[in-house]
Every structure is written in C-alpha cells, then in structure tokens.
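Letters A, B, C, D, E and F name the chains as they come in the text, with residue numbers starting at 1 for each one.
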Amino acid sequence: MSPPRKSQIVPEVPFDKDGVHCGFLRLFHSVHRSAYGFIPIPIAVFRNGTGPTVLLTGGNHGDEYEGQIALANLVRSLDHTRISGRVIILPMLNFPAAMAGTRTSPIDEGNLNRSFPGDPDGTVTQQIAWFVANELIPLADATVDLHSGGSSLMYIPSALARRQADPDRAALSLRLLKAFAAPVAYLTAGGQGTGHGGTLSGAAATHGVVSLGSELGGSGTLTPAALRIAERGLRNVLVELGILPPEDRVPAEASTRILEVRGAQDFVYAAESGVYEPLVELGDTVKAGQPAARIHTPETPWREPATAQFLGDGFVLCKRVPGRTMRGDCLFHLGTDTGL
Amino acid sequence: MSPPRKSQIVPEVPFDKDGVHCGFLRLFHSVHRSAYGFIPIPIAVFRNGTGPTVLLTGGNHGDEYEGQIALANLVRSLDHTRISGRVIILPMLNFPAAMAGTRTSPIDEGNLNRSFPGDPDGTVTQQIAWFVANELIPLADATVDLHSGGSSLMYIPSALARRQADPDRAALSLRLLKAFAAPVAYLTAGGQGTGHGGTLSGAAATHGVVSLGSELGGSGTLTPAALRIAERGLRNVLVELGILPPEDRVPAEASTRILEVRGAQDFVYAAESGVYEPLVELGDTVKAGQPAARIHTPETPWREPATAQFLGDGFVLCKRVPGRTMRGDCLFHLGTDTGL
Amino acid sequence: MSPPRKSQIVPEVPFDKDGVHCGFLRLFHSVHRSAYGFIPIPIAVFRNGTGPTVLLTGGNHGDEYEGQIALANLVRSLDHTRISGRVIILPMLNFPAAMAGTRTSPIDEGNLNRSFPGDPDGTVTQQIAWFVANELIPLADATVDLHSGGSSLMYIPSALARRQADPDRAALSLRLLKAFAAPVAYLTAGGQGTGHGGTLSGAAATHGVVSLGSELGGSGTLTPAALRIAERGLRNVLVELGILPPEDRVPAEASTRILEVRGAQDFVYAAESGVYEPLVELGDTVKAGQPAARIHTPETPWREPATAQFLGDGFVLCKRVPGRTMRGDCLFHLGTDTGL
Amino acid sequence: MSPPRKSQIVPEVPFDKDGVHCGFLRLFHSVHRSAYGFIPIPIAVFRNGTGPTVLLTGGNHGDEYEGQIALANLVRSLDHTRISGRVIILPMLNFPAAMAGTRTSPIDEGNLNRSFPGDPDGTVTQQIAWFVANELIPLADATVDLHSGGSSLMYIPSALARRQADPDRAALSLRLLKAFAAPVAYLTAGGQGTGHGGTLSGAAATHGVVSLGSELGGSGTLTPAALRIAERGLRNVLVELGILPPEDRVPAEASTRILEVRGAQDFVYAAESGVYEPLVELGDTVKAGQPAARIHTPETPWREPATAQFLGDGFVLCKRVPGRTMRGDCLFHLGTDTGL
Amino acid sequence: MSPPRKSQIVPEVPFDKDGVHCGFLRLFHSVHRSAYGFIPIPIAVFRNGTGPTVLLTGGNHGDEYEGQIALANLVRSLDHTRISGRVIILPMLNFPAAMAGTRTSPIDEGNLNRSFPGDPDGTVTQQIAWFVANELIPLADATVDLHSGGSSLMYIPSALARRQADPDRAALSLRLLKAFAAPVAYLTAGGQGTGHGGTLSGAAATHGVVSLGSELGGSGTLTPAALRIAERGLRNVLVELGILPPEDRVPAEASTRILEVRGAQDFVYAAESGVYEPLVELGDTVKAGQPAARIHTPETPWREPATAQFLGDGFVLCKRVPGRTMRGDCLFHLGTDTGL
Amino acid sequence: MSPPRKSQIVPEVPFDKDGVHCGFLRLFHSVHRSAYGFIPIPIAVFRNGTGPTVLLTGGNHGDEYEGQIALANLVRSLDHTRISGRVIILPMLNFPAAMAGTRTSPIDEGNLNRSFPGDPDGTVTQQIAWFVANELIPLADATVDLHSGGSSLMYIPSALARRQADPDRAALSLRLLKAFAAPVAYLTAGGQGTGHGGTLSGAAATHGVVSLGSELGGSGTLTPAALRIAERGLRNVLVELGILPPEDRVPAEASTRILEVRGAQDFVYAAESGVYEPLVELGDTVKAGQPAARIHTPETPWREPATAQFLGDGFVLCKRVPGRTMRGDCLFHLGTDTGL
C-alpha cells in the first residue's frame, strides 16, 4: 500500500512545541482575484508537558455558530500552563463556508462533513478534509466536532457519539458523552440509509480515534443557552481527558438523557413540496402513526394540505426550520431511550 | 389632478357578487420562458349581504408563513353564508417572493412593503403594490396584513397598528388590536428614522382605511403556537368588524399587553461585522446601557469581540436571528408600555 | 407641455443625406468592464430623392431571428439608386438581447416591446425605446417591426396590424398587411387584458404612424420557409409604399387569410405547473370546450394530468413550445376569420 | 479485482416482489436548504411471474419530454397482471435536470449520459449513473432509454441502437429496433470522434445487456406525433421481449427505414459564431459539398455570412434548433441507408 | 414648484457643530438577510469657526482607491483646530460598490456618477445621489470628487474641472485646478456626446457650486505616486479655499499643464471585439490618422487584426487597461493644450 | 502499469506532415445550448525537414495576453520553409478562460496550470491538461509556456525556468533562459510551500522535457513593451534550439539579470482584508523588515491601517494589482541574485 499523498496545506504553527501558537493553515488557492493567495484557516495549538491530544473543531458547517464562538472564546481564555497535553483548536474548519454563513462552501459547494477522507489535490473542501484526516486526526486521542442544526434544522441541545464495537472505545465514548453534560445525548450508527458517509467522525473511526459530536441548536442562529452548554461541554471534556485538572469541571444542572437514533424509522420526510406546518414541537414524545406535519400549497389556497406521520414512537430531537419545503426534506427525527 | 393610471392586472374574480369566488389576479409578465404568461396571484372573495369589507393579506414578505397558512385555512373554512359584508383574501400577496420563500421578489428584488403606492407600469412588485393601493384598499373598511419576522428577525407574537390622529380611527384601531388577542400588541408611528416608508399600512392610511398588522414569529419558520394566534386573531377581527357573528369569537387566555415603539432609541444595530451573540432573550426587560450583544470574529479567534448596548429601557420585542451579521443590521428592538 | 427630453444616444449616421449610410447608434453605458464604452446598435439608412420613409426593425426581441437575418440581407442587397424616399433599417434593435439570443436584455432584463415610450435617462432598454419613439418614429410614414414567436412560442407565419379607428390609416394598414403576403394575417386591438402595453406599434400609433408587425415562426430558431416570407414581405411593403418600383414586387403563392384576435377568450393558459402536452397542432380548427393540452407531473408519474380547454372556436395560430410549463403560461392562442 | 463500491441511494420499492410498486429512489443530498434531505427520483416496478426484465428510462436529459410522458402514462396504464416478467420504469432519471427542464443537472452541471459508469461517492449526477450501472442494469435483459433532441437539436423521430459484435445481441437489437416502429432507425458505433463516451447504452454494453435508444423530436418541446411513436414503441418492445402478449402489439403505418451514422463525415459543425440559417430541412437528401447553412453576423449587417457544407451524402436526420450559434456547434448530422 | 422630496437617509453626525464628528449615514435597506438594517456610509465632519465649506468625496466609483485612502488618511490627520470653516469627508460614497471594489453597486448595478440628481425613494444608488445633491452640496462652497480610471482605464494623474460660463466661478475653478498641483489638468464641457450625464459635478453646477475632480491613475490599483498627488492636492485645495492656513500648502515639483478634452474627436473606440493591443503609451503625443491600437482574434490566430486610428492630434491622457475588449469600448482619449 | 487512458479530444491537424496546418482541437462538450458541440481550441503546426520540436503555448491563464498575441502573430508570420523541425503553437490553451479574459475557466472554474496531469474523462480543463501532458509534451524537445501576471499581479518582464537536477537539462534551460533575453529571469524550485503543483512545466519535467516560462507583465492588460519582449524571446528560443537559422536572432539591449525565487521567505501576504497600499514599487531593492504595504479600512476611516513587512532582502519582482485585498493574498514576491 502506498503512503498517503501529501497535503498541499502549510500550517503556520508548530504542533510539537510547548506554549500557545496561533496562526493559519495556508490553503493555496490560485484564482482570478488572487493568483498566489491562500485561504487562511485559523488554528491555535496549546501544548504543555505530557498528556493526551484533543482536536476541537467548529465551523465544519459554516452556518452553525455555537462551536465557532465557544472555540474562539476558548482560544482567548485557555491558560496553557494549566493543561497537560495538547489542545488543537480550529473554530472555522470549513473557512469559506463559515465566512459566508452557509452549510457548504461557496467556492466548490462542498459539504465538508460529507467529504472525508478528502483529496490533497482536489477541491478546496476536499483539501481541508484530507488535511484533517491525514495530518490532524492522527495526532489526536479524541476529537470533538461541534455542530448545531444549521440553517435548516433545530435540535434539542445534544451531544452525540458513534456506536463503538471496541469496548474500551465505547466506554471512553460514553464517559465523554456524559461529561459533555448536555441535556440530551444520543448514539448513532452513522449512515443508516440517510447518506451520512464522509464525516469527520468516520475519519476518526478509521484511525481508531474516539470522536464526540454535538447538535447544539440550529436555525442558523446562536442562543445564549446553547453557547453555555457548548462551553461547559468543552471544559468538561478537557477535564475528563485529563488535560485540565478536575477542579475545572463545570457542574451540570441535571444528568444527561441518553437516546439512540436507530435508522430510517426515526425520520419523517416531506412527501410533497410546499409550506411545512409542524404539528409537534421539539421535546414532545410521539407515537407511531401520529400526524407530524402538514404541507400546504397557499398558491392554491382552496386545496387541502398533505399530512405526514411518524413511523415509530420516540422523542422529538430535531425539526426542520424553513417553511418552504421540498419533497424529500427531513422534517423531524426522533430519538429513543437507551437506558444507558 | 389626473385620475390614477390603470393597473394592467386582470382579476379572474368579481368583487361585487355574493358567494365565494376563488381565482387569480393575472399579472402579465412577458419574459424569455413565457412570452404571454401571467403571474397567478391567488385571491378569494367571500361576499354576503351588506356589511363592511375587510382586506386580509399574507405573503407580503415571502418568508413569513403564519399569514399565508392562516389565510389559506380561512379560504377553506370560512362559511360565506355566515358573513355580513365582504372578505377579500390574498394569502400570497408578493407571489414570486412567497413561492421562493424570500422576503423580496426573485424577479425584481422588490420588497413589496417598501414599494407602495407602486406603479402600474413598473416592475412586477410595483404593479402588485399599485393594484392593492388603487383597486383593493379603496374597497375596504379595514385591512389586516399578516407579517412575521421573516428570515432575519424573530418577534414575540404581536399585533401592531399605526398611531392615528383621527380619534374614531384611533378607537377602531385599538379595538381591533385588542380583538386580535395576541399576547403583545404595539403602536408605531411608522418610519421614525428606520426607513419604513412605502408600506401597505401607509397606503391604507392615505385612503383613510384602518390597518392592522402582525409580527407573529419569524426565523423563516412556522410554529403551531403562532399559527393559532393568527387564526384566532383573524376570526376575532371579523367578529369585531361585524362580519362574523359574536358567537364566533375565540376567547384568549390573557389580555393583550399594549406597547409602543417610539423610534431610533428603541433599536440596537450592529456596529461591526461578524458573528452575533445575543446577550438577552425575547421577552426580557432591559435597561439603558445594558449589554445587548457581542460581535465575534472567529476568523481571528484571538481578537476580542465588540459589544453593543441598549440605548433605552424596554421590553425585548424582536431580535435578529442569523449569526452572520453586518455593520448596520438591526439586532434588537424594544417596546415600552403605554398603559392602554 | 414641456418638449420631450433629449436622448443621450448618438447616431453615427445621418438621416437626411442621400446614399447608403451604415454605422451604429452609440448608447453610452459606463460599467465596470468599460467606463466610457458604448453599446453599438447597428443601423443603415438608405435615402434617395423624395418619397416616404419606412422604419424597418428586427431583434426587438433578441431570440427572434427571421427579422434580424432578413434585414441584414436587405442591408447588403438593397440598391439605394432604385428607391424613392428613405429606408431606415435596424436589424438588432435590442442589441444586448439579440447578441445573447434572449427575449429580454441581459443588462437590465428589459423587454423592449413592453418598454415604450421609454426614458432617455433610464435603463439601457428604456433608452432604446425612447430613441425609437422620439427620434425614429417621427421620421417615418410607416414602421415594420419583424417578430417571431421567440423561445417560448411558435406561430403560423403571420403578419399583423393594430385595428385603426382612422379610416385612411385602416385602409393603408390593410393594404400593407395584404402586400406582406404571409399565409395568414391578423388584426389585434392591442392589450385586451393580456398586458401588451408599451409596444413599438403603440408608440407608432401615438405618433399617428401606421405600423405593421409579423409573427414569422418561433421556437428560438430560424427556418428557411419563414425567412423567405420575411424577405418577400419586406420587398412588397417597400413596393406598396412606393419606395421600390412595382416591378420589384415578389408574387405570393396564395392570398392571405385575414383573421382577428379578439381578446382573452382566444387564449388558453396553463392552470397548473408541469410538463405540457399539446393536444392540437398549429393550423387546426378547434371548438369551444375541446381539450387543448394536458399538464403532466412525471415527478409523480402515478398522478393524473390536468387538462386545459379552449374557451372559444377558432384557428390555432400560436402554441407554446417548451415542455416545462408554469401556471399562467400561455399555451395557445386562436384567430377567428374576419372576412376581410 | 475489488467488488464495486456500494451506492448510497436507497430505493423505497422492492425489485423482487410481484405487483406494482411505486416510490422513489432516495438520493441523500445534504445542503444548506436541507441538511438531511433526499432527492426523490420516481420509480415504478411492475413484476408478474417469470420472464425477462426490461429497464425503461426517460429524463436522462431533462429537456427531452416524450420519454418522460410516455413512461408516466405507462405507469398509470400498464396492467401488471398481463405481463410476464418485470418492467422497471424511471421517467425522470436525472431528476434535478428534468425538474428544471434542462439537459444537465442544475446541481452539478452533470450530463448524465456522459457520466457513466459514475461514482457512488461523487456528485449527484455521478451517483445516479452509478446506481443505474451497478444496481439496475445488472437486473435487466434489455434497456430502453428514451431521448429526443433536447433544447438544441431536432430529430426525425428515430429509434437507435449500438452496433453489436455478438451476433445474437445484434439480432435482438435489430428486432427491437424494428419492433419500436419509428419512421426511421439508425445504428451507431458510439463515440466516433464525437465524444459520446459515458452513456447509459455504453454501461449496458459493459454488462452485455442490449440497449435501445430513441431520438423522438426535440427543440425542448413535446409533440403529439412523437408521443404516439414513443408509446407505440414501448408497447411493441414489451411485446417483442415477451413481457406483454402478442395481441398488445400496436401496428405501424409503415416499415422502419434503417440507416447508420458512420462518424465525423456525417456531421456539420459551425465554423464561425453568429446566427445560424439552415439551408436544408429535416428529411432532405443531400450531397457532399452542398451548402448546409449560413452563419450571419447581424451586429455587422453589411458583412457577408459564412457558409458551411456537407462533407458526405446522406439523409438529414438531425438539425440544430437555436439561432444563436457558436463555432463548434453541431448544425446537422446525416444518416446513410444500410439496406437492413 | 414643489419642494424637493425628503431623503430617507439619516446621518449620525451633526453638520452645524464645531469639532470632529465621525459616524455613518444610515441608508435603510430592508432585505432578506436583514429586515431592518441600514447601509453604513462613513462620514466625518470637521468644523471650526467661520469659513467656507468643502465637500470631499471618494469611492464614488468603488474601484478607484486613491481618493478613498487619501480621504481616510485626512480623517485621521486633519487637526480641526487649524481650520476655518467646515470640511465634510465621505471616503466611500457609493459604499456597496467600494466594499466590493467595483465601479457600480452590486446591489442595483447603479453607477453613482451617472445617477444624479437621484431619487429619495429609488434604488440604493439613487438614494445616495439624492442625499448628496439635496442635502450635502447645498451646504458646500466647493466640492472635490476624487476619481481614478477605475478597473477599465488608466490616466496620467490629472485634476479636472468643468468649463464655467460664469467668470467668477471660472476663475475659482482654475485657481483650484492649479492649486491641486497634479502634473496635468484638463477642462471638460461635460457630456459631449459621450453620455456623461448624471454626475456629481453636474449636480454641483445645478446648485452653482464649483466642483473639482481628479483622474489619478486607474487599473483598479493604488500607486504610491498617485496617492501622494491626491494628498497634496487635497491639502492645497483646503489652503486655496482659506480653510487651512497658507503655511500648510505642499509645494509641487512642477507647474500643471492645462489641457482640454473637446469632444468625440478626442476619443478612440474599438471597432471590433477581441484582444486589444495599444500602439502608443500614456503621455505620447499623437497625430490624426496615426494607428492607435490593434484588435486581435487569437481564437482564429491566422486572421489579421483590425486597426484603430486617432481622429485628431493630441496628448494621450487615458488608455484602456483590460485586454479583452468589445466593440464600442473606449481605448484612448486625448487632451489638447489650452495655453491656460 | 497500465497505459495512459485515451484523450477524447480530436485534433483537426496532423502532427507529422510537412507544411503549415491550422485548425482546432475538438474538445466535445455536450451541454444544454449545444448537445453535440465541441470547444474549438486553435492550434497551428509548422513542420519542415528534421530537427527538434518545440511546443509554444499561450492563454494557459485566460487573462494573460502577451503570449496569446505574440503566438497569434507568430502563426501569421512564421515562414515554415525556414524552419528545421517542428513548431506546435496553441495561443489559447485554456480556450474558455481566454475567451472570457479570466484566469480560470468559466465552465468549470478550473485553473489549467494547477490541473496537470489532468483527466481524459474529467472536466473541460482537466481534459485540456491531459491532452497537453499525454499527447503534446511527449512530441516535444522543449516547451515555452508564456504567462504574465494576470489580473491580480504585475511582474517585471521575466523569463523563468525550473531548477533542473540533470546537468544537461540545467545547461539547456539556462541557455534558453538567456536566449529569451528578457530584462530579468529567475529560477524556481516549483511549489515551495506556495501550492504551485499541477503546472504544465511540472508535466514537462515528468516527461524529461525542458520547459521555459515567462511572466511578461500583468494587470490583465497588454503593453507594447512586454509584447516586444515576448516576440523577441520566441524568435530567439527557436534560433537557440536550431529550428530557425542563427541570422534570425533578435539582439537584446542588455544581458539578462538572473535571479532565483527561494521560497516562502520571498513572499509577502496580506494579514488583514481591506484596501492595499503598496509602499514600494516593482524593481526596488528591499531589506528584511522594511514596510511593504499598508491595508486600509476606509469603511472605518478613523481606524489605523495594518502594515506588512518584507521577511528577507531582495529585488521586487512582482506586486499585487487590485486595491481590494483579502487576508492571505500575495502582495509581493522578491527575487535574489544568483550570479549566473
């Protein structure tokens, strides 16, 4: 097997020196407006003594803000003399998307979290994925990739992790999930007929690295409550990993309810195009067959709306935000209790 | 003074016949993809016996859905034999914007609610404004134009009305505002240095017609709670006007708190561009000088965010939704109690 | 009444000198790619001795080619020593649209034939309209504006003229219509609830100038047969006006059938959006109530298509071309015999 | 050799159960407007008893309508109890292109019929190609992919097939070609220096599956005559394959003339850019050296047009439609008699 | 005559108070991404004691940088206690264009310097023009509007002024032109068949206010040499007007050569489209009939280029920059000596 | 190792016949506006007797004009009877980019000089790269690829070559560099942390073919002086290679100064976004630590600009042109003397 091809991205910061190192990943991009320019992806490396390495990322999707701000705040507030190990922080991972406030990159329409493991000679988004998968994840013992629902979805603030076959990794995964201390957490098998290939967590799994995720809110906005959960979760994960001392743990108001998302039966999709009216709210408990939403066609107001139903029982974890909806759009997804 | 120029829009429905008449306003639009086509703006006219005329409009901004759906539901549910007078319903007033789910028209970028009184030979949006101002409003005793916050704003569900100098109109206005039975209502002077010229309510004022508005939610979504407020409000306004019988009134859980929006001092604008973090929530009561929001620049995460402050005391009626923000964007506006 | 404002367009050719003068109308347009550039609208003026002036235009809509090519051929073939009077030829009247092959201008989306009388300080399209209306039409005794169906419509090759109240103009109009010698000709009242304001023929009527039009084919293409009709028609109109000698008249195979288009009852519009299947063909004779077209939704192939019907009897003069169709698109229009 | 990678597309319908199964292929597409949505490609599977499988596809190019409508009509009219075997129908194969009425996909500009064998992790268009090539074609004994000329070309309604080296497949191919009963049919070697790689028929050939094609008209429109040919052709192919009983065969008015397209010598390309004037019509018989078309430049009307000539003798099978033409555009292609 | 309509723009700064006042003009613009936002046009007002008022503007065209930077530097360096009178500075007059680095506004494609006197209810660009024409120019005794050649032109650094009929204004104009101390200056009649209506200097003339302009370089870039000329020019104009004391005058290396631009005969336009090769350079002295440029068509490299000639004698003041050129683009313009 | 896949591009010209052969590479591109069209990339092949083959290319970036025009002039002026060997000329290598005047292709956004070795089944740009790399370079003994700075950069007119490990190729490279006779030449290692992979010169190196490059000016314009250098350089390289006789050599005014570009320390990048003010000019000699540029924010004119510095000593070979600049844009690069 040939060695992985080399990324063309040049980091301005060292990964192996103690101290705080702030700068940019230089992703060279030769275009009409700038022949020899680079895309400056911000990065901060905190390193002190020995200990594990954690990779913290936000802005994987550009319209998800809790992670971007919590990580920027962490860059300004983390005291590197208190840590044992290394913290690598990238608050705007898909930089072009994050600057535009869009899920996907305005340069190449790439959805970074469907682009792993990427391509070192590919599009801008593929180059970012390749660098993360081949040059950052191999340095890490754990990754935390902070997401929210983005412009089209709204979540009950949640942490999430992939189901792990390996018992040690499963145990660490569950410990981190609980340490994050969001009101809700869920386990997912990845994909399950919903096209979720190409994710950062999948790339971490390929390298045997435990990955934690979050869905902290959504609707393309940032809320004070979700930001507090993100900041507490980051601190507590650093404590749980032993990078920060135990006294830095931020206590939670309540224990985390741990759910799972099983697969297609937990999703409701729009069967028609039109204006979507939800019939339940986030946090509701629903039954199979219960009406979930109506799709209206006010361009023909005298026509009856179509109705969508839940396929199974569960807890409403996520709902679609935008009123205008097309056939095939996800309207809701549920979680079901695990007893973990 | 010369008579107003003639609209080129052709309605398919009569305005002066008893019964229910559903069809389209034909706005002819000769373009590459269709040389002799028209834009079909849905309209329904319910008429029975004698009584006042009310003009009910939604979709003035295309990304505000409560009005579109409440009016479509009304078209399907209103029993014209129960009414006395006339109800003219247009659920998708700026039809191209409403089909696109955007505030402004994708055809001409027109913001319909800044385009009154319009132009019968102008752009598509100006032609709609002209028709409403010159052919619909003159038929009406009152207008109800249902808005929400749209894609960029979120409101406490509210009804609103312009301050009226004429005491009779002021009294009717207040009666309708209370009848609508939203949790909150507010009075506005129009404009006040915020560029609010060219509105439908301004056009109504020009004709001496009382106009009621609403801001039912926002964020480009539709919520069950806001829809219920809209539907109740519409019923109760029809009752208050005497078009529906008193027994059709839907009771409210609580009386409406009546505020006013005074002017520039009630608004907070972004002083820098970046990612906006609100520091208060809708419904909070705030003081002058209190921090309202921070603007972050996660592309340079080591840089401190800028802070915006409230200029006066008040109740947080409206906040900005999207995280990405530019200097000059409205972040919040307040209302203050009137004692009405 | 104030005098008309002055056009900013500068013609490179004289209108009052004998001979052949070819050049451009300079429409100055200061944009990013050219600060002091002009849009070069080609024009040719042929003048010899005394006699009437005719204004010949093509490319009013940029995707209609018979006129553009017949007029370009005429510029190269007309012997100015054989004429008595003046022939002004503009083969690409809406030059930006004609260069793009689109109905409307790519610069300002302007439909030139809905923009008369224009504005000397307005958009590019409005400036063209103003120049034609205020500087060319006043020079003319008659205008011939050659159209086809464009990208969205296909016509039986036809000449057309507006109904004229003045008997002298009506007689000249009919003589020119017959001289043009297309298989079919029709009279139209202009507008009739189909939004046809702002046309060149309307501007000619304002100045008391007789105008002839054509609809020579369509579908965004050029056919040899339609081009021959256009070229014969132009020659014969020059003969009929006395500008060319009688021996230049090109004989027709058959006399022209003269129809009229009465109004909305002659049009069929799509009541739904989808893929349009015509059920009749150009040249068919149809009855009121006869099915005209079906609108299919192959994205839901198990759903029945909608059917549209003719509202009146008539001869199928025009049909829509593109399969994808939106509610409100014109699918057909009919003509009815006049006995003229 | 490694097994083919797995498609991420999830069909809602079974392929191995008797009965009629209608639904969608779910092609998950995570974008700004819908994070967990899928593109719903309609599919119908008819299965009864034993017998061959035929794959019927339309909308491979989105602006070709006869196939889309003939297949949608077949979905509604086919009685599955009369069939022996299996009929798999996809009327809108490149769904995003078909909804837009464009040859290529508005999502990724992909030309599906140049994208085979595709990529299961690639663009939307590549994912469709991969699914067809690796999951549908292997189920089939024959494929029928219905095309027309699209927006830029017009054809004499034709069936077509690739030349087959294998005598059995060649014989079946010829039988199906004749059964289809179009006025004209032709054999093609594929490619021949015209860049026709990546087609569905090429993918079928890779799997040893006989493929039939059609070119039923074009110009981006649908004609009643071409639709009748498509519907008869589909029925007769089902009969010829033994899926429908012999009595279902629809008789043709005349036998099919079988031509071949040999290669570059049968094509005429534009040597300059401008407005294209064809000098012959579809169905004409032409000689080498005969003028085929003129390219005009009406922006400089006094300039002579360029002329293009036929390189060989033949029958005019196909012509370009749009007037505006660029150097390198195909203007015509010919067929020559085979005596088959 | 009715009073001018009221601008909807709200300035954050006072114009009548001593001191330095920095802030924004709030141009309210209600769009999808911000319903109640304003466009923040930066403005600084310096006022001290009595004396004349000068209006200094840059960024009228957004891709002209010397003015933007010279004025920003002046805002930071001007000591208001040294002035007598008032200096109003707007470095980014067409703010949306200046932020985009384009000649015209990305919002409405408006060329601000062709939009005067504007419209208070019109497009964003028209609203800016109206505010300047009706609220700023009437405050001023003189205006200085700093331009460069922009993206498409390059100038010998020049000052310019309109020819004035009034002898006092003509004298002041000439004094300011010389005070500005650019290597070259020129007088222009405005317009002259080159479509230069709607300018800021024209609006100043309407109010009887003397206006000075500049063309400091171009090519969409900023050079140190041109910036020095701009900064010296601004200082010296303030001295010449008596706003700054005489000792602040910056000496020039040489006296200014004063030319005039007479009209169409001084301009060379491209007669064909292609790649433009200049045959002379800025600062050359040329003769009528001398070849000015060649237009190449490397897409057909074996074809001879077209040649353009100078129509009159003169000094090459301005040349086109971009290689790709269209018929009608200005390639050069000349100045001729005045002896002033 | 499998043989390289076959390009789908079809050349109209032979490469192995004596004489002059002009025509096009046919790159078939099946799109909405032309189903069977090709992109016509102009090519000329001059061949006479025996001798080396040189490949001359321009328009690799579409906004660099000296090469396009020098090569078009060479096509028209080269007397093939004077040559010994073969000259292959492509003046518009990335044809779609060159027709648009943009660095990258408007079809696929491809930067051809970052796309080597390309893909025969890939995008249009990748297909061009593949054809050059696999079908043209293998025919050549040397390549000359003429570049300028394009729209975003301006260079001191320079020739350049890659450093060669092989001493014979290094010697030939140096001879050609000197023969080209530009005022300046430089050696480069390729890439050096600036993302310069995928170039034509890299593809030549892979085949062991010596490649010469140039950077002749820039700013998206063409200057007479740079064109003369290009034309002399081409002649002299043909002489140096022995293709043209020695008497055809064009003498240079001065010998070439030979520099090298070492790597990241020779580049200055923008650390902030804004308007860029250079503080040095092309041709200056600078020191490490010297201020190179300021980045202004005139939208906040009272804010101090940021300053960028040179990292090392050197000669200013290249500067950025456009005023509007983003963080990461290259502002300058230096060369340092080699003593060669």
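Quick notes
Everything that follows uses one rule, which is that a contact is a pair of C-beta atoms (placed from the backbone, for glycine too) under 8 Å apart; a residue touches a chain by one contact, two chains touch by 3 or more.
As the structure is a computational prediction, the values presented were derived from the model and not from experiment.
Chains touching both chain A and chain E: B, F. A centroid comparison over C-alpha atoms places A as the chain most distant from chain C. Each chain gets a centre from the mean of its Cα atoms; the one farthest from the centre of chain F is B. Annotation: the A-F interface is duplicated by B-C among the options E-F, C-D or B-C, judged by over half of the residue-numbered contact pairs being identical.
To fit its Cα atoms onto chain E, chain C must turn through 120 degrees, a value rounded to the nearest 5.
Comparing the residue numbers each copy contributes, chain A and chain D share less than half of them at their mutual interface. For the pair chain C and chain F, the distance between C-alpha centroids works out to 50 Å. Centre to centre, using the average C-alpha position, chain A and chain B are separated by 36 Å. Inter-chain spacing, taken between the CA centroids of chain B and chain E, is 42 Å.
Chain E has residues 40, 63, 299, 322, 327 in contact with two or more other chains.
Each chain pair that touches appears in this list: A-B, A-D, A-F, B-C, B-E, C-D, C-E, D-F, E-F.
Those residues of chain F lying in contact with chain A across their complex are 61, 63, 102-104, 109, 111, 113-114, 149-153, 193-198, 264, 267, 269, 320, 322, 326-330, 333. Listed in rising order, the residues of chain A touching chain F in the complex are 8, 10, 24, 26-40, 108, 121. Within the complex formed with chain A, the residues of chain B that make contact are 22, 40, 42, 44, 58-59, 63, 65, 68-69, 71-72, 75-76, 89, 91-92, 95, 98-101, 219-224, 227, 275-281, 296-302, 304, 321-324.
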